[in-house]
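What follows is a pair of complexes built around chain A, which joins chain B in one and chain C in the other.
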Partner chain A sequence: MMTFKSPWAWLLAIVSLLCAWLPLMPSVVAFFDFPQWLGTLDSRLLLLLWRSIWMSSAAAIGSLILGWPLGLFLGRYRFPLRSTYLLFLPLSLMLPPLMVAQAWYGLTGMSGVWASVFSFACCYAPLPALLVIRSLKKQSSASYDAARMVSGGLGLRLLISHTRGAAFVGAALCFIFSIGDFAVPDYFATVGDLFHVYSSEVFSNSRNSDFTAGAVSSLPLIVISLAMLLGLLPWLKNQQQHTSQQCAEPHTVKHSMSLSVFCLGLTTILVFAVIGRMYFETGMRGPLATSSWLQTSSKAFSDAFSLGRADMIRTFQFASIGALICMVVAPLWAFVFHYSSGLKRNLLFVLLVLPMLIPSLSLGFGSIVVFNQPYLDGFYNSIWLPAMLIAGRFMPIAVLICINALGSQAAAVDNSAKLHGLSIGQRVYALFVRNNWRACLLGGALVFVFAMRELDFAILLPAANQSTAVRYYNALHFSRDNFVAAFGLSICFILFLPVMLHSWLSKKPS
Partner chain B sequence: MSKIFSIICILLLGACSKPAELVIYCSLDQDLSEQIIRDFEKKHDIEINVQFDVERNKTVGLVSRIIAEAKNPRADVFWNNEIAHTIRLKDLGLTTAYAPATAEGIPAIFIDADNHYTGFAARARVIMYRTDIQVNYPKHLNDFLNSEYAENGVMAQPLTGTTLSNFAYLIQQSSTAEVVQWFDDVKSAGLGFAAGNADAMRRVCAGDYAWCFTDTDDAAKAVVNGYPVAIHYLDQGMGENGAMLIPNSICLLEGAQQNEMAKKFIDYVVSAECELRLAHSTSAQIPLHSGITVPDGILLPNRDYPVLDIPWAAVAAELDDAASTFQELFVR
Partner chain C sequence: MTHPILNIQQLCKSFGEQSVLHGLDMQLEAGQRIAILGESGCGKSTLLRVISGLEEYNSGQVTLEHPRRCLMVFQDLGLWPSHTSMQQLIMAAKASKIDDAAAKAEHLLEQLQISHIADRKPATLSGGEARRLAFARVLICQPKLILLDEAFSSLDADNRQQGIELLQEVLALSSAAVIMVTHNQDDATQLDFPIFDLVGGQLLAR
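Right after this comes the complex of A and B.
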């Protein structure tokens, strides 16, 4: 449907080349050392790999257990405080996972492997929940009402069947982010019995001056994550059978109070407990300290705003540009996947997701190798470089959401547009984006959030170095816990402010 | 649509910036170094682009970046919070000679013989112990082997940072096999291991352990935050007494020979005035200039405690092999 004669195909290719494939090339070249690396594979590495796999699988299952029911209830039923829970749901996604881990350690004293699993599940449970809620907005009213009339059980089965693709995409993203993260396991190993995960090995190798060693040793993680994402594609395709002509609306149920209490419990685990603990930590001090909790906390917030303001603005700039690029390009990618199949589709998918799966240090070093040229001085130092890398790395998130949205759009709409001779640009931007702007916005927002948390390549790129993530992790050293908690909360609430304002303003009667 | 267009225009305008007159890569913690750098910027009315590292990368992020950017160098000055990786850069031919006049008074052992780097404002490897309980803490590194001490103590895994440099030095003084055996023995004796020096310090503050083997700057932070702890300068000498001192180091990078402002900046950072500022900071860095009046609580090397003469070039050469050995030993 989209050939190389189409300017849209060229746009897609050029953007992908600049944002993702060029910085990726040095790592891809290094992959040819994999057979040599396999020779170094021993029981130590296999044990680390196995631990990473089962921990991330458990975290993904945990995110499903927490996020799927929450998404189902918030998306389909009306009950007291529903809008409040909906409002606060994305908040924990805006916090660095390490901060969530620290908060849970402070609250419960938990440590070890299972504490990491629990933290990851809590951090990423909003992903399946948000995707399920979005998916429910596109559920056919006719089929859902018919199922409910037959029996409540059938209605629930239909809900589960309709949302499983979205829920599994969320859980798969949880798996991928968990298996590549070493900061959280590292933290829980520090506060309890020492253990390591495979990403620690990758990170240690990436720190060497020859960054390609990190890229090569990350190949097992890349293959596992790829297999998981490729396995998800049929689920997304299945989603295409659903129609969106008349969408089902949330409705009231008998035990609305119980539902509200249940959702309050889940939202407390995901958001309120963590935020509360962090707020407490802004004023925490040792037994011999002379200042009060309030004085310590006030100073921490004051420092957070005065020191971090410029970093926040700069991070907003490149994160916004990255998110905007994704919002423009992701729908095109979604159409490419919608109309391709078999090997071609799988190959394109590998090309799309590879930048997200390799260690971001490798991507950062790759961009230095490619873009650090005397004739590219201006570009290399500008915020365009981090913005483009962010777009290239996190594009798959926005594309998966668009694929899901495209699947739930009646195929007839696009077919009819095609028959009427509309160009691919008109179909993508005038029809799809117009009808699914919430999905595009969600994709862009998630890219923005992940961009705000990106640390590893931020250190390596001139314009991204003075960012919130660098200042945050810089302050994490020593016991500057007050500043770290206050700065983390400040970032989180500034990100959250537009969501809150939108929610309040949209409630006002016209 | 017009709103979206306006947002895009604002973002594009924000993306444009003029190049800085001085580019500094700094791996000392941002909250300690930033104001010092900004004061220089203000004094000389120039624009400085300063790039920081984070503790999670233990300095190596910027070192690797300098190496990766070697074909088209971007930075003028590298301010490193330790010394071994600066020597690695020198060995790779990425630094250039410059002798700051303000280094007068700093002992020669902290200054490169070819003037490629200057050491200043140091940290010492120390034992931090709790003062609110009766603690039996080690006085010499070999005391770690005694379970009476080891069972109550914790240290960072020697994977990165100053702990790696510390044990690379011990390998250089003895052998890899002996140091690996030493770790096996201290593990058997019951010594705990943490991810980093700051984590070890936190475990002591939290009451999980009675003492830890850490750096003076971590210990100083615990004191500032009101924890009942004190410092003992650990003797690590083999045959002669001495604590290990790890200075900050600063160097002019290759390609910046003509940048006079870079040289002025090095003069400024190495000066006794800046050392004193770092000594007064929350990390209580130890000044190396002779005759400086230090704040209360800071003990001076070779006046208040003996210091080891570390062959830093040999330690730097040992660093990569030591890191691989310890990675296999600890990352499991």
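Right after this comes the complex of A and C.
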């Protein structure tokens, strides 16, 4: 439907190439040398890799334990405060993992690998929860009600089997994001017993400026993520088959108050405890301090705004540009997917999501290798480079939201446009985007949110060094606890704004 | 004999293992109007989608004399939700390179007695108004072939009668050929269209 004669196809190809695929090239090239590189893996590296794998697997299981029941209850039952929990659920996904780690260390004093496991599980538990809720929205009303009429237990069993795929996809994503993250294990290794994971080894290449080695050394993480992604494809397909025109609605249950308390407990673990602890830390004082908690807290927030303002503005700039690029290109990608099938669709899917699933460190190293050239000096040091990488890395989020919106639109709307001879640009922008602007805006907002919390490649790229995440990381390592907590909470507030905005817009009629 | 505007030879279409159209032959001349009847799932809508180019086929040949003048009225109409009636007509006309689109759109709305919905979006229209708009959007493109996909299947008996009267009214404004697929023989009989049965993936004249 979109051939390379179309200027839109060229736009799509050029943006994807520049933003997403070029930075992957050094790692892809290394892939062809993989057998030779495999020989250089010594026992220490293998141990680190094994530790990363089991740590991420445990985090994925943890995210299932926390997220699956939460998703089931919020998606299927009505009980007091349900809408409040639904509002706060995505927030835990937006909290920077480092902040979650800091808060739980402050609350419990935990450290070591298991502390990383717990932090990652908390950070990514909303993924299975949100996917389970989405899957429940497509459950056939008739089959669910029929099972419930036989017995409550059968209804629950049907719920579990219906949402199994979605929950596992969420857990797999938790695994992929955890295995590439170096900052959280690094933090727990700093505050407690020293330990290393494989991503720390990848990051250590930046200390001796060996960026090509950095891109190459992240290869096992890319291969693991790719294998996980390919494993996910049948599950994703299975999810699409579980759709029904007449969908089951959430219903009330006998023990609604107990459910509410249970969900409050989980939401507290995921969100309220973290935010509460961070707020408490903004006013924490030493034994000889003369100021009150409130005075210390106020000063911390004042410092956060005055010292972090420049970082926030710069992050705002590249995050906004990245989000805008995604809002323009994602609808085109969605159309390409919608009208492709079979092997072509799977291949496109892998190409699209790979930049998001590989460790952010690889993307950072790859960008340095590709773009740090004398003739690209101006570009390399401008905000355009981080903006492009943000767009490339988080494009899949915006695209998946657009695909969902396109799938919900009556097929005849676009078919009639096609038959009337409307160009692909008119069909995408004049019809689809105009009709689904909320979905496009949500995609852009989520890209913006993830850009704000992006740390790993921001540390590596000089153009992204002046960002909120890097400022947070540095301040945390210099033990400026009040400032860190206040700055983290300020970031949280900014990240939460798009969610509030979307929630508010969703209640307004078209 | 006039030149056929649609010529289908040995058309085969299958979905996986399931063969839907099996060596289907068909010719349609300019202005000719026919109805195709068949059970649910026999491939009626698939045939229209193949003719319109929305669906690929496995083998055979489908030749349309005016591929850009072949339009379809869908079962759920396929109106563009974010555009007013007038905007829909103008957009469709411009895409079909029709001159003086605004004036023609206004005239057509008048002819179909829906001038009052010119500035309204589909969500605010009644079922009858929406149906008239869908026909208007097809007519403004000066079609040579109109495909009607179960145009009345979602209507109850009273509205179905009104729908058929509307279609007669609309078709009087055009000289286009028409292929109407339906599973209801009464629709075809009332419109006085020659009936063909789609059985075993092939068309059989009655």
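Criterion: the second predicted complex is superposed on the first by the 333 of 510 C-alpha atoms of A that agree within 3 Å, B and C clash if a C-alpha of one lies under 4 Å from a C-alpha of the other, contacts with A are read in each partner's own complex, and residues count from 1 in each chain.
The criterion applied here is as follows: a contact is a pair of C-beta atoms (placed from the backbone, for glycine too) under 8 Å apart; a residue touches a chain by one contact, two chains touch by 3 or more.
Please read these numbers as outputs of a predicted model, since none were measured by experiment.
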item	value
Which superposed partner A:Thr252 touches (first chain B, second chain C, both, neither)	neither
Touching partner for A:Ser306 - first (chain B), second (chain C), both, neither	neither
Which superposed partner A:Ala475 touches (first chain B, second chain C, both, neither)	first
Which of chain B and chain C A:Phe211 touches, first, second, both or neither	first
First (chain B), second (chain C), both or neither touched by A:Asn435	second
Chain B versus chain C, judged by how many residues of chain A each one touches	B
Partner chain(s) touched by A:Thr40 [first = chain B, second = chain C, both, neither]	neither
Touched partner set for A:Gln373, first chain B, second chain C, both or neither	first
Chain B and chain C contact sites that coincide on chain A, given as residue numbers	none
Partner chain A, residues of chain B touching it in the complex	7-8, 11, 14-17, 19, 29-31, 34, 49-58, 60-65, 67-69, 71-72, 74, 157, 159-160, 193-196, 198-199, 201-203, 205, 208, 217-218, 221-222, 225-228, 282-283, 320, 323, 327-328, 330-332
List of chain C residues in touch with chain A within their complex	52-54, 68, 70-72, 74-83, 91-92, 95-96, 123, 137, 141
Footprint of chain B on chain A - complex, ascending	44, 47-48, 183, 186-187, 189-191, 194, 196, 200-201, 204, 207-209, 211, 285-290, 307, 313, 317, 320-321, 324, 365, 368-369, 372-374, 377-378, 380-384, 387, 455, 459-460, 462-463, 465-466, 470-471, 473-480, 483
Touching residues on chain A, where the partner in the complex is chain C	410-413, 415-423, 426, 430-431, 434-435, 510
